[in-house]
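One chain, chain A, links the two complexes that follow: it is found with chain B in the first and with chain C in the second.
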Partner chain A sequence: MTQDAKPDLFTQIVKFSPRFLLAILILPVFGGLIGVLLPAFGWAPALNHYNLSFTGFSDLWQTAGIGKMITLSIATGLVSTLLAFVITLMMLAAFFNSPWLQRIQRLLSPILVIPHAAAAIAVGFLITPSGMVSRFISPWFTGWELAPNGIFPHDSYGISIILGLTLKELPFLLLMALTVLAQPELGKKLRQQHKVALNFGYCPMTAFFKVVLPSLYPLLRLPVLAVLAYASASVEMPLILGPNTPPTLAVAIMHWFSDVDLNLRIKASAGALLQLLVTGGLLAIWIGAEKTIKYLFSDLLTNGKREYGDVIWHKITAVVTTLLIGFILLALIGLVMWSVAGFWRFPAIVPEQFILSHFQSALMQMEEPLINSAVIGLMTTVLAIVLTLLCLEAEQLSGKNLSGFISLVIYLPLLVPSIAFLFGLVWFQQLVNNQSAFINVAFTHLLFVLPYVFLSLTSSYRQLDPRFAQVAASLGAPPIKVFFKVKLPQLFAPILIAAALGLAISFGQYLPTLLAGGGRISTITTEAVTLANGASRRTSAVYAIIQMALPLIGFIIAWLLPKYFFKKARI
Partner chain B sequence: MSVNKDCNRTSRLRYRLDDFWLSIGIFTFVFYCSLISNYTFASPVYNQLLQGGVAQTELGLKPTANINKQNQDVYFYAWGGDAQINAYIQWAAKKVNSKFNINLHHVKLSDTSEAVSRVLAEKSAGNNHNGSVDLIWINGANFATMSEHSLLLKHWAHKLPNFNYTDPTNNPAVTFDFGIPTQGMEAPWGQASLTFYYDSLAIDGSVNNQLPRTLHQLLNWSAHHPGRFSYPKPPDFLGMSFLKYALVVLHENSDETIKAQLSQVANEQNSQQVLSPLWDFLNQLHPTLWRSGQHFMQSGAQMRRLVDDTELSIAFTFSAPEVPAAVKRFDLPSSIRSYAMDDGSLSNTHFVAIPYNASQPQAAQIVANFLLSPEAQAHKQKTSVWGDKTVLISTTLSPEQQALFKTKTAPPSALPFNSIKRTLSEPHPSWVEVIMTGWQTRYGVNP
Partner chain C sequence: MQSSLHIKNLTLYQQGQLLLKLNEQVNGGDILTIMGPSGSGKSSLLNWLTGTLGNDFSAKGEVCLNGQNINNLPAHLRHIGVLYQDALLFSHLTVAGNIAFAMPKGEKKQRKQKIEQALEQVGLAGLGERHPDNLSGGQQARVALLRMLLSDPKAILLDEPFSKLDTQLRVDTRKLVFDLIREYKLPAIMVTHDINDAEAAQGKIITLQSQDHLKGNS
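And now, the complex of A and B:
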């Protein structure tokens, strides 16, 4: 009982951890923003600009096509998020309480772990004029002997980007929703309420929207906002699938930052601030729309109507789901075939010969990036999980939830477009530590891994039945013992899922790796993006497959370990 | 205990793994394990440590380029979009490691300007001695920018022992970069010419489908076959090269005073006059291009991929041997043939340079000297390796060294020997900026 007299070391560490977390997140993001803000207003010692001015903004405003860039960013971000969100809800509604939900999730999870670049490559393979779709209908139907003139990918409306982003974000939102539903207490409550609604004669989908969604959505809000923020400012997808006359705002900013003409930096910094405004505006629109919908439709929840064309909607959902899965499977099959293809002239459906030389030559050059990816991923993920657990434990020890401010800060790196603060951050890292690129990269990855790990662990941790801990404490167990012996075992599965997610996020980082590492640190993802816009489809396919395989290992371990450990625990 | 059992049940339900995924997982895991163990035990650095330092007397370098016997890391920032070139740099890394105990790291760039930005960022952060870039692959506008901002180490390249093999007194191509004197800031590495390749199944030589052999024939052919030709979007290096080729050819019959402007600095007065034929030409060409000239590919490699997809029927490259190499890797169909335009091929030299704040300037010079050696240059010129034309002049070499450059018979897709009938020299680098700005305002944004 000595721990009552003086807080033990564990408690002290736990109590201190939220502050540490705050520092680790706020300093880089705000430091990075300042590093962009100053040049935007004309203060750039590197270019001998010391006077405050608005030339950056006026240059930006006079850029040809700036209006189109903004429109494209807003449209692709909003439409893709909306699509992913709506389809996620429809799937949840149609297959709630059905084994199909798990099956769909399992089918979609390969997409979840594919980095954006690889997903974009796979989608591109499918929709190009010489892609799998047009090969299936040529030449017997279309008469095409050469690939036709098409508009995909790189169409100026951004449809390809929307397609890619939607496919990529949908499994993420679905996983987030399933993680919420997997919490023992809340999930059970929602499932029971759903059953009660069914017994009252509500059709399954209507029951979901009226009974489950109102409790589910608040827990999904931050993931959705993160997706929206990401979609409006992402670089990889628009770079590989988007138009370039003009590109999206984020891609244009990236080009300006890396342009030979160094004076473009000032305009790029101004552009980064504009991107911040665009993303902020989109988040505000989403929250506004959410409030409006809640206000307008709250009556519907209690009007007692049991059915809104459920049968038709169920069928539509089934068709959309089938199409989606078919699309993904076809993209994956195409990816695998390209990775082993010899000559494969349009319109043949299968390659002329199958060879392994693409894998061989790619693997020869892959050692270093592979090891970098793994080491950085493991380092950041372990750190992120430890920090997250400590903070959540601090929350429970002090008995009150982390303040709204802290919660917001945790999601800061997800809500602030990375293109807006990364360049400034790199400038700061140059000042502080210009030798160890590896540490810089790992640290920058942590910024992006931490929120996702936090996102996927928080709800499970908060929903832990406190009575277990209370009983243990009343039997005399110190906090450290309660934490390790009572709480962690219950959280084992969610922790592993969070770890796998953290690894997947770290593996997929492109811009942070490129900038913080100054290109010195090559990972599978930076290699894949460099090659995606160059090189052959075959090499790209090999890299995309390796990119997929890497996080997959994480998820497989997340599945296997609980079995192993609990078998031991039972003996 | 009850907690564990409870959790066990749910987790078993939730995370039961299909045998399919399991087998894939085990396979991949074993595979990676073998890779990682390979890395740990067979890494050249590791072997090097075991064997100790290697004597450097065989180098025969002058005292200026002496290095310690310790391992030195040289970070070589070079465009990394081509697997063949990357493999060549890896070969060079192995060589300098065994010869001079230098660890050469290839930092793969998607655009060389990234490295320029980096050096500038370091200068602004006050990092004048421990820069991250030791060696950089560069020419043209990037070189002009770096030398203008004093970002490069001066007066070293002409002191390299192997520089003498380039016969600098009679060969201005190695001391002038796009018309700008290099002043010993960069060592020549290779030579490139703009040549074309086409799909012989798509351009079959029938009426209205003859192979275009001049710029004007190209315009004509493209009008008959809309959507089958395009060029990478400026400021891409290859796209800019096509525009410069067009500009130089369009001025073929112009007044000598106008022609002379091309080798001088571009300014507002002369640019309008000089560039107007180019815009007229592009106004005619663009509606016939791939995607109706509304969208352009990002790079030459992407253009090559579009030829493989049969979307394009004709394309061009600055590295002719890349074409047969791509066919060999199955990245282009076997029906591809290479040729050079009758009205001339734009030609230039590419270099390696050392930033003023490089951490290892001495070791970087040793690498630059190795890259200039007959051994490295001959290996580079092999079609199966990279196929980049050497900057060495054969008369300066010994018979044994000359023998290194002998080649075997070329595959059908390779550029036939001596097809480049006339070379066109690059305009002054300042034209790049003017062309790019003009292009951007005219075609950068869809109406």
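And now, the complex of A and C:
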């Protein structure tokens, strides 16, 4: 653009959009953190506390079992992330050049869109004493004629939480790795380098770890850290699968915040700060471990050793993968059977009757949560997509990629534990707008939907062939026309996928809905979590299935629509 | 014993259609050149030799390396070195690291010495600790060559290895590669588009016919 030509309105909006994106992500997160920080140190106007004090922290330390809470948060977060990460790497290494990698990804990708709460319910059903696992091994193996007393779920060691988190995060990490490998230039280079290593006599798995991983890991770091941050501070999984006495730190904080005794909020705010420290500490430990491993193993890369028990590791990986997929399938089948089960005696693998009455009665009460879920999801997703497209267009108009700072900020809502900033954010929201809980919920969802929509659209947008836009511009089309008539039609399919992803993320939000809505807005997910602890297993199964069905419908539409349109276009 | 690479009665099919037939023996220090338009099966031939033939393809015939049938060995046990169009140096390792990666296990000091000698031999003395991305195209090509030779291959495949170098560099690099192949007395097969490459190799030249008459590009 020449200096005298005044940019049109569209260009101005586009150029401004990255700053708007930054504001919309940074302000709520940091505002929310401040809104938690102040009460933690005793400044809470709503409670008539205006003196700087540390009573919140001393209360916190005197809470029975606080040490156990912290340990549980750290252990479940770290172990589940480590497990998911290591198994992801093993799968990548074992099946790097095999068609199995795509097949495994296809089998696991539906797990991605299943909300955490639904996944937790399914896992809980599987491992409970009368669950599918113990039905499969009874009575022929265990001799159990009646459901035994077991420790799962809600075991005090957090094993159930670890299991749930690992199963849920593994498909995400695998998808992230495969997205990196699908980048045309980098992916091709890494596959060729892997082939070079094979030519030098390296066993396939060793070749992956020595050649591919060092280049792949830097691009996986942020997703891994996001998983770690989430796992250490999540609420849904520990709420449904974790112990109660004491629960994880995040769950305890949530209970204090929502307690009728408002004075507990000071302690809760102090707890939120502690959560921030715990998560921050875990991230620091991970990064430190990463540097240590890199340092310790750098010599190993070039020592010429070509084989580290590859055959055995390959077998182990195959077994683990099979178990994992079997476990997930069994969980889903169990869930479906519970939702339609009539009478179901303990060791029987299949219910004696199949009935639809659970679905019927649940669906009757579901209208409001369903509509809320859909409306909030659509509002948020449309906003997120518009904003993302504008930002990516700004990137192309200015001719340079968004800065690393912006890329990091987009991850901000995924890296800062939501339990630590949501309460502060809600406090601000009530100051600004306490009329419409609906808008508050939608805005809060946007914080979590935006990162995913952005990540999902970025690579497609950057891969657009710039020559189409150049041709259009040389024919006299203004930027707005190029954007709407040339770029968007080419992005039809990716936009639909991003929309389906955005909807899925919004559908799955528990804590943001609960807090920003002040408990007044019920969605399928909030209902499902409430029902998971208490209501009948059959009703709970129905809600979990509806929770899974909603995002799935979105993805099926996103998959079918382009086929329909392009078929028409070809005729 | 003189080393040799023997392709016995190979017939290669792509989705059931005949792609090429070949029956050749290459002795140590000789370079067999395969020419032909794209789509004539040059790359498939190399993939078959390294044991990485795609699923669309099927092959009959045997390949023997020094008299031993390696048909059923996986890629990483064949000991066939390949030099590609791109240098494909590992950017997470230094120049010396790249070469060490390819060398057989051994005593650290000896390996280091060997790398230094080799770098000196091709005019790259002192560049061992440099990062491969900071080298010129010609330097990268030479590192890739050293890396391949020091991996102790029993045969060498050249997959249009000079096509990305400009003219003068191409002549020099080519001479270096061919000289070293003769010095190491290894059987080599080169695939190329360039008749100058073929002539410089001073070996037998086989020209494959395009099987895809519709495309018919060169």
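The criterion applied here is as follows: the second predicted complex is superposed on the first by the 490 of 571 C-alpha atoms of A that agree within 3 Å, B and C clash if a C-alpha of one lies under 4 Å from a C-alpha of the other, contacts with A are read in each partner's own complex, and residues count from 1 in each chain.
Operating definition for what follows: a residue touches a chain if its C-beta (ideal position, glycine included) is under 8 Å from a C-beta of that chain, and two chains touch if they have at least 3 such contacts.
If you're wondering where the values come from, they're calculated on a predicted model, not measured in any experiment.
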| item | value |
| --- | --- |
| Clash or fit, chain B versus chain C on superposed chain A | fit |
| Vertex chain A, arms to chain B and chain C (CA centres, degrees, nearest 10) | 160 |
| First, second, both or neither for A:I406, with chain B first and chain C second | neither |
| Contacts of A:E367 with chain B and chain C, given as first, second, both or neither | first |
| Partner contacting more residues of chain A (chain B vs chain C) | B |
| Which superposed partner A:C203 touches (first chain B, second chain C, both, neither) | second |
| Shortest CA-CA distance in Å separating chain B from chain C in the superposed model | 15 |
| Those residues of chain A which chain B touches in one complex and chain C touches in the other | none |
| In the complex, chain A residues that touch chain C | 97, 99, 189, 192-193, 195-204, 207, 210-211, 214-215, 301-306 |
| In the complex with chain A, residue positions of chain C that touch it | 50, 52, 55, 75-82, 84, 86, 88, 90-93, 96-97, 100-106, 108, 111, 148, 151, 153 |
| Partner chain B, residues of chain A touching it in the complex | 44-47, 64-65, 68, 102, 106, 128-130, 146-147, 149, 151, 154-156, 182, 184, 243-246, 257-262, 341-346, 355, 357-358, 361, 363-367, 370-371, 374, 426-427, 430-431, 434-435, 437, 468, 486, 489-490, 492-493, 518-520, 522, 526-527, 529-531, 533-539, 549, 552-553, 556-560, 562-563, 566, 569-570 |
| Complex contacts: residues of chain B adjacent to chain A | 1, 3-5, 7-8, 10-12, 14-18, 21-22, 24-25, 28-29, 32, 35-36, 38-39, 75, 77, 80-83, 86-87, 90, 105, 107-111, 113-118, 120-125, 127, 130, 132, 141-142, 145, 149, 202, 226-228, 233, 235, 290-291, 294-296, 298-302, 304-305, 308-311, 313, 326, 329-331, 333-334, 433, 440-441, 443-446 |
